[in-house]
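Read from first to last, the chains carry the letters A, B, C and D; within each, the first residue is number 1.
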Amino acid sequence: GCGGGTAEEPAPAEEPTEEQVEEQVEEPQLKMAMVTDVGGVNDESFNESAWNGHQKARDELGFEVSYVESEQDADYERNLETLLDAGNDLIWGIGFMMGDAIAEAADFNPDQKYAIIDSAYDDTPDNVVGVLFKAEEASFLVGYIAGKMTETGKVGFVGGMDFPVIHGFHYGFMAGVKYANPDAEVLVQYADSFVDAARGKAIANQMYQQGADIVFHAAGGTGDGVIEAAREQDKYAIGVDMDQNHLAPDNVITSAMKRVDNAIFMIAEDLKAGNFPGGQTVVFGLEDGGVGIAPTSDKHVPAEILEEVAEVERQIIAGEIFVPDNKDDYDANY
Amino acid sequence: MRNIDFDCKVVEMKNIIKKFGDFTANENINLTVHKGEIHALLGENGAGKSTLMNILYGLYQPTAGEIYINGEKVNITDPNVAIQKGIGMVHQHFMLVEPFTVTENIVLGMEPTGLAGKMDMKKAVQDVEEISKKYGLYVKPNEKIYDISVGMQQRVEILKALYRGAEILILDEPTAVLTPQEIKELITIMRNLTQEGKTVIIITHKLKEIKEAADYCTIIRRGKHIDTVEVKNTSEAELASKMVGREVSFKADKESKEKGEATLRIENLVVKDNRAVEAVRGLSLEIHAGEILGIAGVDGNGQTELIEALTGLRKIEAGNVIVNGKNVTNNTPKEIIENKIASIPEDRQKRGLVLDYTVAENMILENYAKEPFAKHGIMNSTAINKFAKELIEKFDVRPEDEKIKARSLSGGNQQKVIIAREVTNDPDILIAAQPTRGLDVGAIEFVHKSLIQQRDKNKAVLLVSLELDEIMNISDRIAVIYEGKIVDIVDAKDADENTLGLMMAGGGIQNEK
Amino acid sequence: MLDSLGFIIGTTLMYSTPLIYAALGGVMSENSGVVNIGLEGMMTIGALIGATVGFYSGNPWLAFLAAGMAGGGLALLHAVASVSYGADQVVSGIAINFLGPGLALFLSRIFFEGATMTKAIPLDNKMPRPIHGLLPRNSFLDLVFNQYATVYIAFLLVGVVWFLLYRTKLGLRIRAVGEHPRAADTLGVSVYKIRYLCVVLSGVLAGFGGASMSLAIVSNFRPTLISGHGFIALAAMIFGKWKPQGAMWACLLFGVSNGLVVYLGRSDAPFEISMQLLSMLPYVLTLIVLMGFVGRSSAPAANGVPYEEGER
Amino acid sequence: MKSKAFFEKIATYITKWTFGFSIISIILGFIIGAATLALAGFNPIEAYGIMARGVLTRPSYVAWTIIGSTPIILTALSVAFAFKTGLFNIGAEGQFMIGAITAAMVGYFVELPAIIHIPLVLISAIVAAGLWGGIAGVLKAKFGVHEVISTIMLNWIALYLNNYIVLLEGLRRATSQRTHEIQRSASIVILEQWKRSPEGREWLRGHDFFGDALRTPLNWGFIIAIIFAVIVWYILNKTTLGYELKAVGYNRHAAEYGGINVSKSMFTSMVIAGGLAGAAGGLHVMGISKSIASLAAMEGYGFNGIAVALIGGNASIGIVFAGLLFSALQYGGSKIQPALGAPSEVINIMIGTIVFFIAMPKLIKYSLQNFKKKRGAKNVR
């Protein structure tokens, strides 16, 4: 069909065979599985990162892992149930969109452990862990880098859709830029789409044309266009969620990474150690490596700036720098 | 004088059999045609004439049988072969691409081309002008088909064949849509062609033409070869009975009758055609109860637009239509029907029937919402089927099955369904447009009877037809339409074909062009 | 100011190009009397194959052609169904729209270790930009004319298709087949051959359209890359009254309104307007134009009607 | 020789039977799907086994399949209804969204006893989407705008409208891009309160069948969809309205001549089609999602509806079964991922193949005729 009709992508062919192999060698192992949101597992973003976390848990903790992908909003509940029937010890919901579904499932299956990425509850059920990321902290760091590295004094931010989760990236970035370079200007535009690469490209082109020389995107597939524009214009871009340097090695100077993989791995460790943080909302930030900048940053970012970044990071962790994740906080502080 | 070369058999078809599924359209038909002869094929609708000719032209493959062209056995697998063999065909239903120009239609498939497959239009036009001059077939090379008269369209069809160097020309019911003058022209053209040494096979239902034009005539009935006769020593009556297998009466018998007061008054009506050109230009007319008023005219003089305007299908720009003293100008079709005007549309398949509806469903097309067929918007199939059964019975529609789709009915039977429906509406005014087009004598007899019955029931009947014979046969008064105006009205008694034909062609009146 | 204009024009061209290819595809197929709503599927497979061949061969032209062939291959299915087997052309088109993306993802996994997103093609192996670097960066002329070859080819093809349809004998036959197949048949023009040719060509063009996304606008394929373009192109073709030049104008209208969306949505825009509402502009505009200025569009007479040689 | 006669019987029987072609096409679809799976190195038997078990072996599985079929049955009815009246409604997608938006708003803002609230929400969804569909009808009737264009455009407009409305303050849930959940009084989930209550849970724990079935958001939507299917069948075949609409669909010229108002019919037809798709959206919100979220791309309910309509032969019963099949394929397909890691786009390939063969009954007829005697075969030309 048209549009998202086909955004469905299951496991690589070789996956199961490996699993079966392990099944034979390993003695009774823990089972962990995840339900992706409609982005699908190869979304170059948090779904993929989450799956990496699972694989890490498989390789290092001997977990048995699998996943189901969702094609439509309506698939979440039944996919969670598919994994429930598969007898998993821990089931992950990847993405805030699954908030309701997880709550529902947890309510009906008190003995089943669940965890959800990017979502918190007012009072979290005992069998659920909410996992949040301080995306704004990573965004602040890349913003700092942008503020330092811009030669034109203008940088840009391209958002996917104009809503809270993206606002974290948006205002964290702006704050970082301002912190590094108070009179730098930040051009902001939302594409109102996570799939329209052409629009991402057009917006980025416009920003570069207006004099920006570094553009940060938090816009999924639309971001492909942003990075493409950077390549063509031979300007800089900043990736999001994962290290996107490979998309344009000469142009993506860094990425604001959301280490969903780390988070999942850590929770898996807790689970294995028998202290599953049920009923809590765990917030990952710079402190615990839940967010951060891409390892490839040193390819383009001068060492001295990276040292400053390290210092800024320390200050943020120490609470000496306040990082806003919404308009009001930003306006109040910057 | 005719110059037939009897030693040279240009066409020989031997024991041709053609089956469509289990239905046999041609059954052991033999046909022999000599060089320079005009050979007529006569038969009722569905007798198998077109099928036989389509086989000769390579459109159908015979189930069995042999074909010889100029004595040589041939296997005509497709029209290309036929064309190579010098066979050309003008089809019963014109095969013209409407939005194309005359020239484009003629050269299609044999286009003169320059480099890179680019068409050489200039040359094409020259060629067309050349042959049209050569055979005296006048056409306007650069006009689009939908802009030219049916007569010219026919000439285009013939030119298509001649352009491909046809030696044998097949004409399938060419005269159905022509005026007497155009028919005369056509006959002269056929003569000229035979003078040129070409051979003509003509399919027709019209015995008069056969007498006039043909040398030989082969009669086919229900797919079987009945006889081949030399025309000059046979009578029309004989041909007719051979064709139908029984005696047929030609003159529709109706006793004269006093006409009542005007039921339908048309006051200087103005109507535009699809291309927003005025087609009906201030036409006025009165039709009285108990008369059949025939409108004679060449196709494309505003008949279609006139009828569509009267039935509410086309906007009336100016003028009035008054029915029983009530002004129904620009009323909706529904309102018109409610004002007791019924009509037999000229295109039975486009307007008259929903081919994918059953016969029963078609029988109630105008009354589907009325009791007893429907109540509070719920349809009552028993009532509908009962009604349909009666009409099928009464109007002898075949097959006698109200549940089959109208599509699978034959042309004539489709027409019967329409007539049954319209007449049963018990209208004050019945408009019949080309009611017998494409029907055979039997069916025609029936239609004419029904029209006359209405008249005798003191209804007003407006008959529009291109068939002058038909008009003269059953009308009480005849109005001649030319370029959207009535040029004259005469009593059928003292009407004569030639003067009418002349008026239809715009003669007789000075102020024109 | 001039730069803004340049930007809008440039964006218009970028947006319109893939649509123009696909719309031309529609024009070819439907002028021969075969409805083609499978453009979306054909674009998708084209985009995938383009990105794949481009990545592995490093030769954009090879990739572009491969994409065309992929689209044509899928179109061949449509042709078999709708020409040889008198299929309902809408239905078979819908089927193509399931098969195209399905196959695309399926193949992607085979070519890229189970990933449905292909690897990025290096800038030098993308479609060339003929006059890149000749003009001062981001000058008006640069913004307008410094486009990928695919853009120029698209407009070139508009001319080619126009010439083919209205100036060559093949074109005359194609249109005849679309208007009155029986007439063409009786003159020995093979309706089947013509329709097969046109449908496959339409697939090739749609494939090009997909490739113009994955080889020029971006440099990789993802499942969401083609999301609705085929349907927009279909609309553009109808909008353009089944004529190549008409379809082109429709695509440009669509492109320019997208350019405006981006231009008006920029942060220093004179007025503040919700991006969601702004995003409706292209579609609303299209409807308004259709209502106001275009009116009834008429398809080729025999469009969508299966034809059987030798039946009456 | 005997088998030949036998095949002949089967062949003629199938070619006569309305859904015969659909059945064969479905079988062919499974065969091609199997081939694709095998190509990708998976054991098709195993995969189909998992799908079958994953759909049939537990009450909750069946329930999920039924739940999944509800919206596509309705969008399919929408498409089919328009088809019957000569219009091609690509717009079910957008009409679905409008229905969902309306339901989410009326379901959240209005507070009423369920007995009134539920019908109110459903009806407003139907009306809103009906009008949305009606736009295409008007554009066609009054301006001659091809409904294929207008409905495509309207789909996109609906998508952005959805994203706009979701984010409106007051409707949006804080720190999220979903609307607030609709009031419980607007929910059509079966025994929703009860099964959450302690005694409900207690009872359900005791009764495996219901316990399992009611774990799913099993709701009245399916029943309502069936009712709509019957209504559609009734309208089209038993009422003067249906007579008018079909007449226009088959031959608008004859309809016009018969005194039917063609423009009005087109409008009515699109309104009804829109309403059906709107019901799908409304029931979806009332029964499953409870809220709407901003969408990155179209979800495909309308487009799947087209496929279902075609597989179901545009007939009400056909559509109900096709909808169930479609849903089963999707649900079962989602299970071969975790189990085998088999690529689930095989499902799309299967669906595509099924529709593809349905498009050409002739092919099937011909191949069947090869069973018949030579003569039979010859006559087909």
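Convention: contacts are C-beta pairs under 8 Å (C-beta built on N, C-alpha and C of every residue); 3 or more make two chains touch, one makes a residue touch a chain.
Remember, predicted model here, so these are calculated numbers, not experimental data.
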Labels of chains that are neighbours to subunit A and to subunit C: D
Centre-to-centre distance between subunit D and subunit B (centres being mean Cα positions), rounded to whole Å: 48
Inter-chain centre distance, subunit B versus subunit C - centres from mean C-alpha coordinates, in Å: 45
Between subunit D and subunit C, distance of the C-alpha-averaged centres to the nearest whole Å: 29
Intercentroid distance (Cα basis), subunit D paired with subunit A, Å: 34
Residues of subunit D touching at least two other chains: 40, 160, 163, 167, 296-298, 303, 343, 345, 348, 381
Overlap residues in subunit C, where contacts from two or more other chains coincide: 97-98, 101-102, 105, 109, 224, 227-228, 231, 276, 279, 310
Per-residue overlap in subunit A, given as positions that touch at least 2 other chains: 1-9, 11-13, 15, 162, 192-195
Chain pairs that touch, as defined at the top of this document: A-C, A-D, B-C, B-D, C-D
Contacting residues of subunit B [partner subunit C, same complex]: 50, 54, 57, 59-61, 78-80, 83, 89, 91, 95-100, 104-105, 108-111, 113, 116-119, 160
List of subunit D residues in touch with subunit C within their complex: 36, 40, 88, 90, 139, 143-146, 148-150, 152-154, 156-157, 160-161, 163-164, 167, 296-298, 303, 306-307, 310, 343, 345-349, 351-356, 358-360, 362-363, 366, 381
Partner subunit D, residues of subunit A touching it in the complex: 1-13, 15-16, 33, 38-39, 66-69, 71-75, 77-79, 81-83, 85-86, 96-97, 99-100, 104, 107-108, 160-165, 192-195, 220
Complex interface listing, subunit D residues touching subunit A: 40-42, 54, 58, 60, 64, 67-68, 71, 93, 155, 159-160, 163, 167, 175-178, 181, 196, 215-217, 284, 288-291, 293-301, 303-304, 330-331, 334-345, 348
Contacting residues of subunit C [partner subunit D, same complex]: 37, 77, 81-82, 85-92, 94-99, 101-103, 105-106, 109-110, 224, 227-228, 231-232, 234-235, 238-239, 274, 276-277, 279-280, 282-284, 286-287, 290-291, 294-297, 310-311
